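In this document, chain identifiers A, B and C correspond to the written order of the chains, with residue numbering beginning at 1 in each.
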């Protein structure tokens, strides 16, 4: 019987912080779409004699992010220098946190197939980013705009066991960073990057296999593809009794393969030592408590609350809780309606669908939460049929008008008046004696034709449920 | 505790210093001599002594998150000996 | 008239009284540079036109009766590790031989605001790594008292420029003795400040946890005037505490209290020359006569200081030198290789001199995997013991009195072939550097060969005013500091 293997995954996630200035100098931290080397100064270009001065906002956002990941904030953290030579690294060292990071020992909860799992977080530390290298025909071009941008490196414990878990974890970290406001975590702008640590071991074995590190994963897709690729590659090697080397591999997003990074002539030796130019940071409990109070409710907590309080569908709760503004819209809408299920449906299925089509987000819509709640109420109170509601919503989307105004303008009111409906039902029975006879004989299927007649007569404004009731009572008595 | 020729070569590489045969011959015994001298610290018992990285006793020296960089990118770029292409420095290919 | 032993205080009085003009004074200094520097080699760059232009501005201010203070119109030399906007700044290294910074060091900005005039960028050991200026890529600076001997280092150019009458004062840096020792060798007064008292921003780093910026001048009073301008918190240097500044020149002149002065026995060992010992001991007697008490004491970890220093400082040097890769500044390699790593190797091989290569290798070794605990971490711990020695001593005394150097200026070439011997030249200045405390170097006599001898006073952190006061009163009682070097006559 072939051996089955268990996959052990740990993720290092680099998240760019959204402070106004860089980590150690006062340059603009937003270099998106800026001309190369225009967002630089002597400090972030590592010029002689320059010194770093720490951005307080970055420290605070680091603490907040750590707390949101359920980390402990040690009373002291410090910066260290990590040395290597590369053209994008102006000082010849990166300022990072080696043995005393700003946050340690955290965890987050992920949900896979409605099962919850806790993923441990080893640490979160702050560091400055390097510049950007662009390959050209004539050589490599260096742009230092990104140099000095504050990064958080979030290191998970090797608790992830599958592509799905890794992806869910990474997405959850992304949401949390967005929710606490420490990063826009926009993958397309390179604000989030992954390094993957992955090894296999026979199921039941306690011993960890040799760890392979895959670098340069810039999207969720690459992350997932890289895991699939590595599982296949390593499984094959194990089956062929090859030894898996402990190594660093690079991800080629185009070919969708990982490649061994040319075996370096020497082992990396970063020669860390405490950064002498930056005094250590002491974080007392008053400071971290104060910051803790600023943390909004996080997606997982929101999701749990929505399911509990509004009894909505799990998928809907997840979708809504993932986006801060959407959750805000949802909560405001819920203040105006008891039709929780209907309103949520309108929001997630209909409104989000329309927004997606237009490549817009919830903040772009003209529809107010209260208006969508009114539409849900109209359906629930049988003022409108679901079908009619679907005529009203696009007009709301287009104009931002109240549903009541649109209903009036369109004369869309559902006919629910019993007397009125009875008259039309009698007309239907007269017009379709065969169908009426069938029903009298117990063949309920025939009722469809009669209902159809009534709907046609009322231009679709009759309440179909009521029509059904009336027809049955007229024919069975 | 002394430093071998192999180690001299290794640290030179780490530090991106390429030593000529002549430099190796000169530096290796000098460095060995120095490293031997530095070894005298080993005779001290420092088990319960804390390290000193900085002497000021300062903590939490930070600045406000306000953009205020002097715009002199062109002057800075002009300090580079390398050719410039599209306002970027052109270095030998990192992929070669 | 001769300005070669003019102090800043006197010059300011003369300028204010209209007896001389800043233009004359500046021109005189430039002429003196022209006359003496071919022999002395104190200057890497002479700042002629700009100095005269600034002197003209200063002259107008004096004429209008609105000088900016005591430093207005005073010609100074600046060690060539301070970035001055649009003035070449080399750190005496080929790797920066064409570097023109587009920014000022914080202290340079302060001196500019005070109206000081920069006449030259002075020679130093390469990146301040040395005790003789022999490691400079621009040749050795010769001692104005005897041109066969070194001027000391690393601020040898600064000390020699004052001693040869090229300027009235200078800024230097002191990491392990680099202000105090050349001051002693050249009969100049030099102040090493408390670590953090003066901003390091814009001054090319050697060893970041040890580097200090300080004045060299013809008197302790002049050092006080310079310190008043350059000291203080800098938002661009996170290691400058917000300790209140003193009115140093006023404090210096206050009557001398009956200070208890410690004489640490470890500083008077066998390595000391007899003449140095005699000169320093007689200086101690001068303080005794002024009412101070001399108290023999011990700083037991002194002998470990050189080892601690030559682990920690090269480690930080190796790190600080990493940015010199020929990419953003400096001349880069003569031929651009196709391979990136080869580019780094070529730029650094061509750019750094022997001593830099040695220190970078020692530091890289001490920080590398497997050796960090045995060297770097061990040295950090022993640094703590050395700091404690001083803390203990200052419980009982107000200051310590020692020689600056075990011997006077040595012959050029005497120690440059044996790096370890050169390192041991800083034996008496290194411990206080490790502790981050201030020290002053005062001329205290001459050898039979007319080489100056220096006296060192040390005091607790942020008590520079005490050292300046002791210096002021010593210089009131003695005249060594006003004796001119033969070259100026």
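We adopt the following convention: a residue touches a chain if its C-beta (ideal position, glycine included) is under 8 Å from a C-beta of that chain, and two chains touch if they have at least 3 such contacts.
Everything numeric here is computed off the predicted structure, so don't read it as measured data.
The interface with the greater count of contacting C-beta pairs, when B-C is set against A-C, is B-C. Relative to the centroid of every protein C-alpha atom shown, the closest chain centre, again from C-alpha atoms, is found for B. Spacing of subunit A relative to subunit B, judged by their CA centroids, is 41 angstrom.
One inter-chain figure worth recording: subunit B and subunit C are separated by 23 Å, centre to centre, where each centre is the mean of the chain's CA atoms.
Per-chain Cα centroids separate subunit A from subunit C by 58 Å.
For subunit B, residues that reach two or more other chains under the stated contact definition are 10, 14, 16, 53-54, 56, 58, 61, 63, 70, 72, 76, 79, 89, 91-94. Of all residues in subunit A, those touching 2 or more other chains are 42, 45, 47, 53-54, 85, 87, 140, 142, 269, 271, 276, 278-279, listed in ascending order. Taken residue by residue, subunit C touches two or more other chains at 99, 101-103, 209, 235, 238-239, 318, 321, 325, 327-329, 340-341, 344, 364, 368, whereas all remaining positions touch fewer. Contact residues on subunit B toward subunit C in their complex (touch as defined above): 1, 3, 7-8, 10-12, 14-19, 23, 26-27, 30-31, 33-35, 37-42, 44, 46, 49-58, 61, 63, 70, 72, 75-76, 79-82, 89, 91-94, 96. Considering their complex, residues 99-103, 195-196, 209, 235, 238-239, 241, 301, 303-304, 306-308, 310-311, 318, 321, 325-332, 336-346, 348-349, 352, 354, 357-358, 360-362, 364-366, 368, 374-375, 377-385, 387, 418-420, 423, 435-436, 461 of subunit C touch subunit B.
The residues of subunit A lying in touch with subunit B in their complex are 19-21, 25-28, 35-42, 45, 47, 53-59, 78, 85-87, 133-136, 138-143, 265-266, 269, 271, 274, 276, 278-282. Partner subunit A is touched in their complex by these residues of subunit B: 10, 13-14, 16, 53-54, 56, 58-70, 72-73, 76-77, 79, 85-95. Those residues of subunit A lying in contact with subunit C across their complex are 42, 45-54, 81, 83, 85, 87, 90-93, 140, 142, 269, 271-273, 276-279.
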